[in-house]
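I have a structure I would like to understand better, so I am pasting it below and will then ask my questions one at a time.
Chains: A, B and C, in written order; residue numbering restarts at 1 for each.
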């Protein structure tokens, strides 16, 4: 910061507090903006005025250890409607495949999922975990995390329990095959992965 | 240096590589008369001077030489009977040119995307966790949003082994880096390998790129290879591995 | 929302966008605020005015099919000092080409990408996947994974949607280029005929 009018500095401080996940101590703001303490205090005063309660959707607050932005309490009900509900965007093909493997084979490890799908499935597993559809169920004896479906999964698919999952034979291209489902999936996956 | 600028001095052509490409496409020079081996030798000579291997440039070169090889082999082979493969040299040249133009379009679009990414970089988005009161999702409030059959269908797809793909329309793609890896892995297991034994069943492009990998290994002093007569067996020997082994032994001896 | 003046609604929208981890589509804002589309559009207009570039530390942007807040570019240097956020690495040429092919031809399989680029594009595809710019979109009938660009791609490239991509014909060779090539060909022909 070289020119640094108070208004310009207030804008930068607002941007910094917007990005920071935790309250930022004054000392860190001074260092990041490369200004004096007096300059920074002036900018904070200005910002506090602009973000005074009732003026905007965001307010400035001094909390333990520093300064932070927070939302105006008036937005709480809308925020709950927007954010505190299960996320149910359409499943991508990768997510549907991964979820199907976990649902039918659980508990199942990530290496097994990757072998069946023929591609690394990290991001699908992660997304399904974040949405609460699958959860960790311990570790295999080789140390790999193993997964199962969650209670939320059953709710979102309208299942009373896992026994309500549709019968695989309905979708099986060769339902007469007697071999174990897991083995057959692994075998088909290896054929797909072969060049 | 760009591959395009590689200077060539061949029996039938003198000038930069991209011009050779251009005159071949226009049939100003018959590809049958161009010794592609000499082009490769010139490129390897250039690599020798350059010292370092620029993989991007080397890949570009390989793509172009492979395209020329394909074109030349089509010219040399008797006309194929099969439908779809009976491209005359003119159509083949057109096709090659079209492919190069298509590639150029996406190369330039990619450069534009790169600029856009840089221009957008100063806009920073917030990545903070939700406040605790908004983090909990109520299971009771969750209603059915997905069809369970979706899972059954996905599993059915995973159970079906894919049909053997018809690859007749796809050109083989081979990466020099990977071929280097393959040869190095073989040389770690055996100090000598026979080229035909190892690679005889590979397609021609793979074999050609493997030869190029051998040139690269030779330049780096990792391998040498010899062929005592035309069309005779090619023997590849890993030099570096033995050399390292000797150095280690000598060092151990010195300490002991 | 009961009283719902446009100013009040703009404040709530600002708070929601502050909290939301991803750009929020208009439809979701309407549902969360329980207002009509006209009311919401008015509030967005008002907010856009208040957050116009140069006015505050935060700007309003329409990206990836929704609305989001981002910091003003003026704060970038201070933000990187405060948060030690590394700059996004630029795309390599191979990644840029691959991303362009996926962006314009999606959904597209790896063999198709390789055919256009003339080289195997495994590592570029993998890196773009790891960076979250492309994602799997199912499988071709031969079992090859097909790819499309992600919402993060649109966000990082400042696109409202794929229709914001520049027209690909813009990158076709100009008639001058073609003429230039033709001339060089003719010249080469003459040189060869001369001796």
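Note that in this section a contact is a pair of C-beta atoms (placed from the backbone, for glycine too) under 8 Å apart; a residue touches a chain by one contact, two chains touch by 3 or more.
The shown structure was predicted, so the numbers you read here are calculated from the model rather than taken from an experiment.
J.: By CA centroids, point me to the most central chain in this structure.
T.: That would be chain C.
J.: Would you mind checking which chain's C-alpha centre is most distant from the centre of subunit A?
T.: Max centre-to-centre separation from subunit A belongs to B.
J.: Between subunit A and subunit B, what is the separation of their C-alpha centroids in Å?
T.: That gives a centre separation of 37 Å.
J.: Find the geometric centre of each of subunit A and subunit C from their Cα atoms only, then give the gap between the two centres in Å, rounded to an integer.
T.: Those two chain centres are 20 Å apart.
J.: Please tell me the distance, in whole Å, between the geometric centres of subunit B and subunit C computed from their C-alpha atoms.
T.: It comes to 29 Å between the two C-alpha centres.
J.: Where in subunit C do residues touch two or more of the other chains?
T.: Residue numbers touching two or more other chains: 18-19, 69, 71, 75, 79, 139, 143.
J.: For subunit B, give me the residues that contact two or more of the other chains.
T.: In subunit B, residues 124, 126-127, 130, 134, 157, 162 touch at least two other chains, as defined above.
J.: Once bound in the complex, which stretches of subunit C touch subunit B?
T.: 18-19, 21, 59, 61, 68-71, 73, 75-76, 79, 85, 87-88, 90-91, 93-101, 103-104, 111, 114-120, 122, 139, 141-143, 155-158, 166, 168, 171-173, 181, 184-185, 188-189, 192
J.: Report the residues of subunit B in contact with subunit A in the complex, numbered from low to high.
T.: 124, 126-130, 133-139, 141-162
J.: Can you check the complex and tell me which residues of subunit A touch subunit C?
T.: Contacts found on subunit A: 1, 8, 10-16, 18-20, 24, 28-29, 31-34, 50, 56-58, 69, 71-72, 74-75, 78-79, 81-83, 92-94, 118-119, 123-124, 192.
J.: Under the stated contact criterion, what part of subunit B meets subunit C in this complex?
T.: The touching residues are 13, 15, 19, 22-23, 26, 28-29, 56, 59, 62-63, 66-67, 99, 101-114, 116-127, 130-131, 134, 157, 162-163, 165, 170-171, 173-175, 178.
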